[in-house]
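The structures considered in this document are given below.
Across the two complexes that follow, chain A remains constant while its partner is chain B and subsequently chain C.
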Partner chain A sequence: MKAFFRFLYELIGNPQPPADTPVYRDVIFPNLGLLNLGISAGLALVFYLLINRAMGVATFNKGRHWSIFLVLNALIAFFVTIWQTNAQQVTDHSYIYWLATWNAILGLAWFFIFSLLFKRASTNASTTPF
Partner chain B sequence: MAKLFLFGIGGTGSRVIRSLTMLLAAGVDLPNCDRVVPIIIDPDAHNGDMNRTVQLLQSYQQIYKRLGPREEGFFKTDISTLSGISQDVNGSVKDTFIFDFGGINQSFRQYLSYDGLSVDSKGLVDLLFTQDNLESPLTIGFRGSPNVGSIVLNKLVESPEMRFFADNFQDGDRVFFVSSIFGGTGAAGFPLMLKNLKDSNTRLSNARYLRDAPTGAVTVMPYFALQSEDNAVIDSNNFLTKTKAALSYYEHNLQGLDALYYLADTPDTPYENQPGGTQQKNKAHVIELLAALSIVDFMRYSPAELRTGGPHFHEYGLGQDAPELQFSHLPDESREIMAKQLTQFLYFTRYHKQHLPTDKAPYADNLKLDYAMRNEPIFRELNTFLHGQDLGADQWLQELAQNRRSFRPFDLQTDDFNAMILGKPVEKKWNDFFNKGLSHNYLLDNLNKTEKSLQEPDNFRKLLELFYDVTDKAFEEKVKVV
Partner chain C sequence: MYPLRADCRYFSPMRYLTSFPRLLPALGLSLFLSGCYSRSDMKSEEGAAAAEKPWAEMPDNVRPAEAPGVEAPEEASDVVSGAAAQPLQAVNVFLEVSGSMEGFMPKTGTSGENTKFQQHVAQLLSDINRTTAAKQKSFFRIKEKPYADTYPGISATVRSGIQQPAKSTELPAVLDTLMTRYYQPGTVSVLISDFIYSPKNAGAIPYIKTDITDALQRNGAQPDLAVSVYGYLSDFRGTYYPALKAAGKKTNCCNTEIPYYIWVLGPADAVRRFDAALLEQQPAKQAHFGVTYPRPAYSVLDKFQNKGAWYYGDAGASKRMAGTYRVVAVSEASAQQPVEFVVGLNLVQLPGQYKDVAYLKQNLKLEGVDTDAKLLDVTPATDQTKASSGPQSKYTHFVKVRLTQQPKAARPLVLRLQDQRPAWVAQWTTRNDGTPAPKTFALSSLLDGLAPTDATRPIFELPLTLQPAE
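Moving on to the complex of A and B:
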């Protein structure tokens, strides 16, 4: 798992400053990865199964509504990164913002993948986003 | 496969068949028959009422052909032309709902070959017919003169259509006549047709089946008046006199009927005085709807019930007299037959117009409605049937609501499904924030849910089945009873 998340987050380059690399690899990357997966799955569940199935809301199923959740998920992923790096007291560096942006992009991807997985189980959003 | 041969005679016949078509489109059950064969008998080939009804029947037929037989649903009863009931047509009978008079393009005088008659015969003709009768062009019908109609229509029995009808008449089939008693075509045509069909010496085939067939009729007595004009051919002040004369004839001369329904109403706002032609296109009237219900009522009786103690005479009484009728004014039996079905049909037509073209929802995506409604002819046909400017269901309901006496069970102006049934709004619980009654969201949610559970490959059939199921559920859950 650690190796997977290390691979995923180091696609944008090694952590900066190099002195903090062990913290990133051992703590922050796994935390971010799991949180990102969990939040993306949670938001997809809320959109597809809670709102568009259990609650019977049939008018919150358009592409624009899905986009709201997509962007919300990305924003959460961005701020979760800031929060995690602060919590682990790593050195303040512009890398944190690059990582947050990358985590937000990954959040978009995870939400999209979970959308494909959950949409069939939804009543009112089974054809959202397509 | 039992058939109902429905003879709609004259303008009233056409208008009653129009109402029956709407009831059948709404899914009203017509028991003891698999197919309705309307035969409109009206020599006025350009009659506005008749042509509108024929267009409507053709539209219904197209839709039914695509849908096929089903246990329940909109458009569930087969409607066929006379030639459509058999493969063996031989080209003698046209594929149409109208009885072919072959274009009687002459005056009544010419039709009788008056100038070639003997002096004695001329004297008899002069005694029975006025000069106006004799000069009357038959192209626009009999203009309220049953004495003219009875001569012309007596030839009907020799027509290829009647022979074809008799040839294909089977055990279990039924016959029903719709006519008015105060006009020309209907008043003359009904007793003549009956006499010819039930005649023990008839030359028609299947004479025994014809004689024994359960036979009913609705005779519409005056329910509208016509504007008085100096040179008008038809004077509605004579309607009652003509009705009395015809009734006294019926009293002794109607043989072979199992059930006869009488309907009448006090005329209110007079119609424009049009003796015939394209201009004779009267607004739908509740009496015509009730006459259509009499056909449904007749079909609900078993042959044994009809034959026991017959003929059965029926009259209609409202539960409560009112100038604007709502469901609550109708007797329980009428409500039971049509209230739920008409409500479901209204919900369907309104949703079809208000939301279907713009719905971006799974049910619409899966049915490919966006493409189908623009490109598939059957979807356009449905659109015509529901919303056609002149013949559609919307227009029919509007006319019923505008006429006097009016039938206004629905508020046709509102977009709110909760308020569509007049006098019976859907209740929303004050303590349930999420219960918005019959909201767009409620209907959409159910459309999406139900669409998932329907296993129907054809998108048009699926659409109709889907809306029938959803409106049925909406009625049962939210309206319950009217």
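Moving on to the complex of A and C:
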């Protein structure tokens, strides 16, 4: 798992400054990866199974509503990165923002994948986004 | 401030899952989240991740010279606890009271002035008498043999002068007595004298070293015998007896200061503890023979004057306790972009001689294989590093290392402090002491006799590892 997240997050290059590499690899990457997966899955569950099935809301199932959740998820992924790097006391570096942006992009991808998984289980939004 | 430990339970899909049994994959995901990592988690993993041992295939000259199995002997802790925790069994103090010592301990003059020797030795005797570092303290005057005395008696001798000076005492005979009668585990002998050794005939002068060695090792080998020599200068008012009797004694001596010495003899461990407890506080010239020291605490520091692309390569680096980093993982190194890292050393338990920055700069060596790593500089701790909140506050000295080549595989790197005869010994040695001077006759020959046979043993060896980044 650690190796997978390390691979995923080092697609944008090695952590900077180099001295913080062990913290990023051992702590921050796994935390970010798991949180990102969990939050994306959670938001997809809320959209498809809570709002559009359990609560039976009929007016929140369009592509634009789905996009709200998509963007919300990306924003959360961005700020989770800022929070995690702060919490682990790594050195301030522009890399943190590159990492946050990359995590937001990964958040978009995860949310999309979970949408494909969950949409068929939904009653009102089974064809959102397509 | 955010808490260091990340709390992972941000969403709880459980409530909805019960009504949707098809959503088992999501349950699996939520289980992932329980595996949240944080820096402080994992001290326990540390032991499991046994450090790699790149020593195994290495040539002997870089492998740390430790016996297998006793790796990392008593790592020095931050505080000097050894002396207080386990007091020495006994301290025997021997004050030489031959005629040549009279000038150091003149009878108190009318103006009440005393010599530096009296001031210093009286204070030292008092310190020894009061110390908690030893259980039993005995005091002796050395004439032709040691005579038992008491603290008040010997202190009075120092303060008000020698009443009945003894004839000159032969140093080898004194040492022989100390070794045969007072050499015990946990016991040190403290010998206070001018150490002007005059062999009965001039023909014995070339053999001073041999005579000293013979005296110390007469009753069989004492493999852990150690001697610390502390040298001092004092004004001198009295008759000066040079070692070379032909030069004749000088009365009403001297306008110059004369050296006197404190020798501490005993098992290596006891000598180290006595030195640390009683002799290290005052400035003095010093030389140590056969004394062994616990390995000082040391660590690579990743955020202190670091340069270039490298990071801690130790297993579980993010979770280790500060001060246990020994592996440098280099991701990139070239002549244009060299890697520089600093190793912090805590030398607080070493005697002053080895803490001296000039000594360290000269004698601290960096040895490695397949690397161009060079020791750039040794610097002492500053107020800034001591007040820092980083791990550098724990160290007394910093060693900066630079390299410009990426290591090809894990390779050992050793910081080794050589034991070198300090320069003052040569400066305080004279071949002819007919004219009083702050020098001692044949001092370096005397000290040659103290040097143990394995004199090349380093003071400490600190293994590090260089490896390429993963």
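Before moving on, here are some points about what is shown:
Throughout what follows, the second predicted complex is superposed on the first by the 130 of 130 C-alpha atoms of A that agree within 3 Å, B and C clash if a C-alpha of one lies under 4 Å from a C-alpha of the other, contacts with A are read in each partner's own complex, and residues count from 1 in each chain.
Convention: a contact is a pair of C-beta atoms (placed from the backbone, for glycine too) under 8 Å apart; a residue touches a chain by one contact, two chains touch by 3 or more.
Because the structure is a prediction, the values reported are computed rather than measured.
In this superposed model built on chain A, chain B and chain C occupy separate space and fit side by side. By the touch criterion stated above, A:L117 is placed in contact with chain C alone, chain B being left untouched. When the two complexes are overlaid, the chain among chain B and chain C that reaches more residues of chain A is C.
Looking at the shared chain after the overlay, A:G56 reaches chain B, while chain C stays out of its contact range. In the overlay built on the shared chain, the residue A:T127 is in contact with chain B alone; chain C does not reach it. When the two complexes are overlaid on their common chain A, residue A:Q84 makes contact with chain C while staying clear of chain B. Applying the stated contact rule after C-alpha superposition, one finds that A:L11 touches neither chain B nor chain C. Rounded to the nearest 10, the angle at the Cα centre of chain A between chain B and chain C in the chain-A superposition is 170°. When both complexes are overlaid on chain A, the residue A:V27 reaches chain C alone and has no touch with chain B.
Between chain B and chain C, the shortest distance over C-alpha atoms in the superposed arrangement works out to 16 Å. Annotation: chain A has no residue touching chain B in one complex and chain C in the other.
Taken in their complex, chain B has these residues touching chain A: 360-362, 365-366, 434, 440-442, 444-445, 447-449, 452.
Looking at the complex, you find that chain C touches chain A at residues 2-4, 6, 8, 10-11, 13, 16, 19-20, 22-23, 25-26, 29-30, 32-33, 35-39, 42, 302-303, 306, 308-312, 316-319, 329, 331, 469. Taken in their complex, chain A has these residues touching chain C: 1, 14, 18-23, 25-27, 30-31, 34-35, 37-39, 41-42, 45, 49-50, 54, 83-84, 86-89, 91, 117-118, 121. Against chain B, the residues of chain A that register as touching in their complex are 55-59, 61-62, 123-127.
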